[in-house]
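Here come two complexes built around subunit A, the first alongside subunit B, the second alongside subunit C.
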Partner chain A sequence: MNTAARADYRRYLRLDMMPHILCPGCGHGIVLQAMLRAIWRLGLPQDQVAVVGGIGCSSRMVGYVDFCTLHTTHGRALPFATGLKLARPELTVLAIVGDGDGLAIGGNHLIHAARRNIDVTCLLLNNAIYGMTGGQVAPTTPTEMVSATTPGGALEPSFDSCKLLEAAGASFVARGLSSAPIDLEALIVQGIQHQGFSFLEVLSDCPTYYGRYNRLGEGPEMLQAQRRHVDWVAAPLADKAFVPGFADTAAVADVALQYGVLHRETRPELSEQVHRLIAASVGEGPT
Partner chain B sequence: MTATLLQGNQACVRGAIDAGCRFFAGYPITPSSEIMEGMATMLPRVGGVFIQMEDEMASLAAVMGASLAGRKGMTATSGPGFSLMQEHIGYGAFAEIPCVIVDVMRGGPSTGLPTSPSQGDVMQARWGTHGDHPIIVLAPASVAEVYELTVRAFNLSERYRTPVILLYDEVIGHVRERAELPSLESLGVVERPQPNCPTEAYRPYGDGAQRVAPLADFGSGYRYHVTGLAHDERGYPTQDPRVIARLHERLHAKLQDGRAEIVSYEGEELDDAEVVIVAYGVSARAARRAVSEARRQGLRAGLFRPRTLWPFPDAEVNVLARSARALVVAEMNMGQIVYEVERCARGQAPVFGCLRADGQPLTPDEILARLVEVRAGEAEVSR
Partner chain C sequence: MEQGSILLVGVGGQGVVLASAIVADIALRCGFDVKQSEVHGMSQRGGVVTSHLRFGGQVHSPLIERGQVDVLVAFEWNEALRWLPQLRPGAPMIVNLQRQVPPGACRDRKSWRSGYPAVALDALARQVGDLRVCDALAIAGQAGSPKAANSALLGVLAPLLPFPESVWLDALRSHVPPATVTINERAFAAGRSLPFPEETRRHAGATRFSANGFHGRDESAPPRLEVIAVWCKGCDICVRACPTHVLALNAADKVAVVRPDACTGCRLCELLCPDFAIVVHDAEERAADLTAANHSGSEARG
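Let's turn to the complex of A and B:
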């Protein structure tokens, strides 16, 4: 465990892949830096870290980090990560997925990874919209919010991914904020340390589409709004619903979202169970 | 050689284990499930990992994740599941991740005929995924050949860093017959070469020996990027037209250059054949019987049986079209390989189909009747 105040995260960047594709004001870079600081804090051997992404703005970030990196297909980061972890359990496997990536096209894989309790740390970056394809509605877009495909406001309700993942069996569930990067780093450290499927929903922001369509301001305004509407678990709940980047004047329900560690339990982890079964079976029966 | 009573799908399990397969992920589907069940039993005994996934997309994804970690991996499915796997077949071809996909063909399209044979996935195996991509597809016609070609599928997959599809019909998958399995020594087992250059010099998509760079295991000390985006030699995404053109040329050239090793076929009674049947899988067995019956009746028939469907043995079929009076393609679909044969024949001989797509295998009598019709000049071209 590295304890110095200043984390040396730049050593993990593939500077030869810059410039990156993210827009000015996007919160994803803050999340990436928090993840790299967490890896540095834990002192993980660089060769033994694998980072897997799906498709979307958040998933593209796996290319920018100098580990074994796997940029896969839309929604399918977790099954790739599952195969990787089962094949080589000594690897630390992280997955970075988006909200549409993880909860729409990849929703089935997400709940099954949670059910299996495979030791993968999954960061789901929620900016409430499909950014890479131009701002279409996502399963995380709150009702009434405008997107390219809900010009009159979204009709459907959105997922609370943390509740979904706890119900599906994730043994570590946390929510972090791109506007609270020091807390986020601590949450990612705990997520990686946890033996089992660790799910972190990280609220990010998309000023380019979500912010612009809904007149929520630029990146800084959207991040400030996050802080006003989301409470740390330990604090009393504010009387406001979380809407990523929602303005102060917006209509609110009576429950606020919380961030921090929302659920933690100890239960058998899949790769350990599989390899225990293999150890007990090798040489048994006709082959 | 050892003789044993074996089912086709069981022979596939045995071939995979012998070829060094140490990871299997799959999803239940008729008529391929015996392969998954066999792997679930056999893999732990040899130190391998088995997992049943939530669907076929996840199955092939898990196999490729495991393959990047250095384990030879396989999945098995049938029509509907094979359709779901198409995106990842393209991913594997482009990102050059070795893996083996077994498709035990049943009647289609859609849910079709789950327990009946067909040969309807031949073109899907070649072109099912979007975009240009090279692919290897092997088609066994007996239980012993399922074993042999399963081993071969792994070997070619490792040698050329590509997904290899083992394609056979429900009859070949479910038939139990006496099988003389070739010795593993005679087949050989190809192990994946690892890079030995300094880590900073490693180019996972460089132009290596046989146009294939060695694939480093994740966790072995070489850190690199794998993506389904168009990429340069380092695996970094690129939009540079020259780099992308080079990548596509290399991917196609690697299988083109390897044709002599990859393309495999068998000929029977071809030397003096006036009518040549082209058939694969279980249809080739009916065709073989039809050839001997035709010869008994004085019709000089021969059989050309591709064991590799893709890349297609074009040059060999072209040569046959030069000497034969006619070609007859016997297959259990509404016409797929028949058009490929027509292309290769280049008008040198007429090409006729002997087609059946009702869930029943072609019979020797049907094929014989077609041969007689063709020789009498009563058949319609390509039908």
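Let's turn to the complex of A and C:
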């Protein structure tokens, strides 16, 4: 465990690929830095870390890091990560998915990975919209908020992904914020250390689409708004509400979101069980 | 030229794919084996369109390796810079001076200031051995329609490839819409006849490319704060987050250290910068860095 105040995370960046493709002020870059700091803190060797991404702005992050990386198909980061963890259980496997990627097209994969309790750390970057494809409505877009496909405001309610994942069986569930990068780093460290499926919803910002459509300002304004509408789980839950980059509109004022570690339990982990079974069967010899 | 690898790059709507198809057809008509592979779409991310085209006796891979492009045809200025590292050192590069600012480069949507790279032909000429610049849009406009800019660029490309003029014209005629054949022929001829005298295009410049301008730490910056300006996107987050107003954006929309003495070393700017453009060093770390540098001469990665 590295303890120096300033993490030397830049060694993990693929300098030849920088600057990254993300828009000015996009919260995803802050999350990426927090993830690299967490990995540095844990002192994991680069060739023992695998980062798997799906499709979307968040999944672009795998292209800028010097670990073992897989850039997979839309919504399918977790199946790839599951296979990888089963085949190479010694690796530390992280999956980075977006809200559309993880909760819509890959929604089933997400809940089943949680149910199986495979030892993968899943970061779901929630910016409340489909960013890369042009700002379409996502399952996380709050009711009444505007997107390219809901110009009159979204009608459907949005997912609370942490509740969903806890119900599906994830043994570690946490929520972090791009506007609170030190807390976020600590949460990612705990997620990686946890044996079993660790799910972290990270509230991020998309100033280019979500911010622009909903007149929430640019990067700095959206980060500030984040802080106003959440509460650390340990603190008394005030009458605060959160949606990513949410400004004070009456529609969502009574929604309060907590951040921090929301759920933690110990339950058998899949890859360990599989390998125990393999060892036992090999011991018995061919039948 | 028994074989060739040509990379055509531009943005959506410029006719990159059509131009590439025409050259592929010409190479086929001349009896070469041809492989072509293109990437388009993702227009939300700036609309890059690229087409790899390889011809020869037998072509195995449709993709050209980095640094192995024999001719780079850039339909747009920003794309020219983006794909520069693909070019074989010393190989010719054709650049159309058209500029198309992608949405992602607009830093401030109120004033539409943008971070689009300035046209710097001298700097480019120092990196490219054989640079052929033209304003294809204007040439095509004179020929009858700005849409024929891709034909003008094919005209500039023609003398660099081993195909007879008549085959170029036949292929051009059969690919462009019938009503525009004359205009495209005129644009092609105008591009073909552009003079690129030897002495103006050969520059004995450096041929080592730097993809992103990152050359390590800027030693002229104040000791505590390291700013990598080429990575900064001018989002204003660090400027607004700094409790002691150390930072500001400069005229180029890059972060600048304006009150270095006021910096407390709190690291908020570094932690919140989405683009890894600020690093806050502490005194011990700098001392350790210097010792390491004196011992090894370079920073070890790993």
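We adopt the following convention: the second predicted complex is superposed on the first by the 276 of 287 C-alpha atoms of A that agree within 3 Å, B and C clash if a C-alpha of one lies under 4 Å from a C-alpha of the other, contacts with A are read in each partner's own complex, and residues count from 1 in each chain.
Going forward, a contact is a pair of C-beta atoms (placed from the backbone, for glycine too) under 8 Å apart; a residue touches a chain by one contact, two chains touch by 3 or more.
Computed from a prediction, not measured in an experiment: that's the story for all the values here.
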{"item": "Fit or clash between subunit C and subunit B when superposed on subunit A", "value": "clash"}
{"item": "A:10 touches, of subunit B and subunit C: first, second, both or neither?", "value": "second"}
{"item": "Touching partner for A:218 - first (subunit B), second (subunit C), both, neither", "value": "second"}
{"item": "Subunit B versus subunit C as contact partner of A:68, first or second or both or neither", "value": "first"}
{"item": "First (subunit B), second (subunit C), both or neither touched by A:90", "value": "first"}
{"item": "Touched partner set for A:109, first subunit B, second subunit C, both or neither", "value": "first"}
{"item": "Touching partner for A:152 - first (subunit B), second (subunit C), both, neither", "value": "neither"}
{"item": "First (subunit B), second (subunit C), both or neither touched by A:43", "value": "neither"}
{"item": "Location of subunit C clashes with subunit B - one stretch out of 24-32, 60-68, 240-248 or 294-302", "value": "60-68"}
{"item": "Intersection of the subunit A residues that touch subunit B with those that touch subunit C", "value": "16-17, 46, 66"}
{"item": "Complex contact set, residues of subunit A against subunit C", "value": "4-6, 10-11, 13, 15-30, 32-34, 46, 66, 132-134, 179, 181-182, 207-208, 212, 218-220, 223-224"}
{"item": "Subunit B - residues contacting subunit A, complex", "value": "17, 23, 25, 41-42, 44-49, 51, 53-55, 57-59, 61-71, 73, 87-88, 91, 217-221, 223-229, 236-237"}
{"item": "Subunit A residues touching subunit B - in the complex, by the definition given at the top", "value": "14, 16-17, 46-48, 50, 52, 62-63, 66-73, 76, 79-88, 90-91, 108-109, 112, 274-275, 277-278, 280-285, 287"}
{"item": "Subunit A-touching residues of subunit C, taken from the complex the two chains share", "value": "42, 44-45, 103-104, 107, 109, 115, 211-212, 214, 230-231, 233-237, 239-241, 267, 270-277, 279-282, 285, 301-302"}
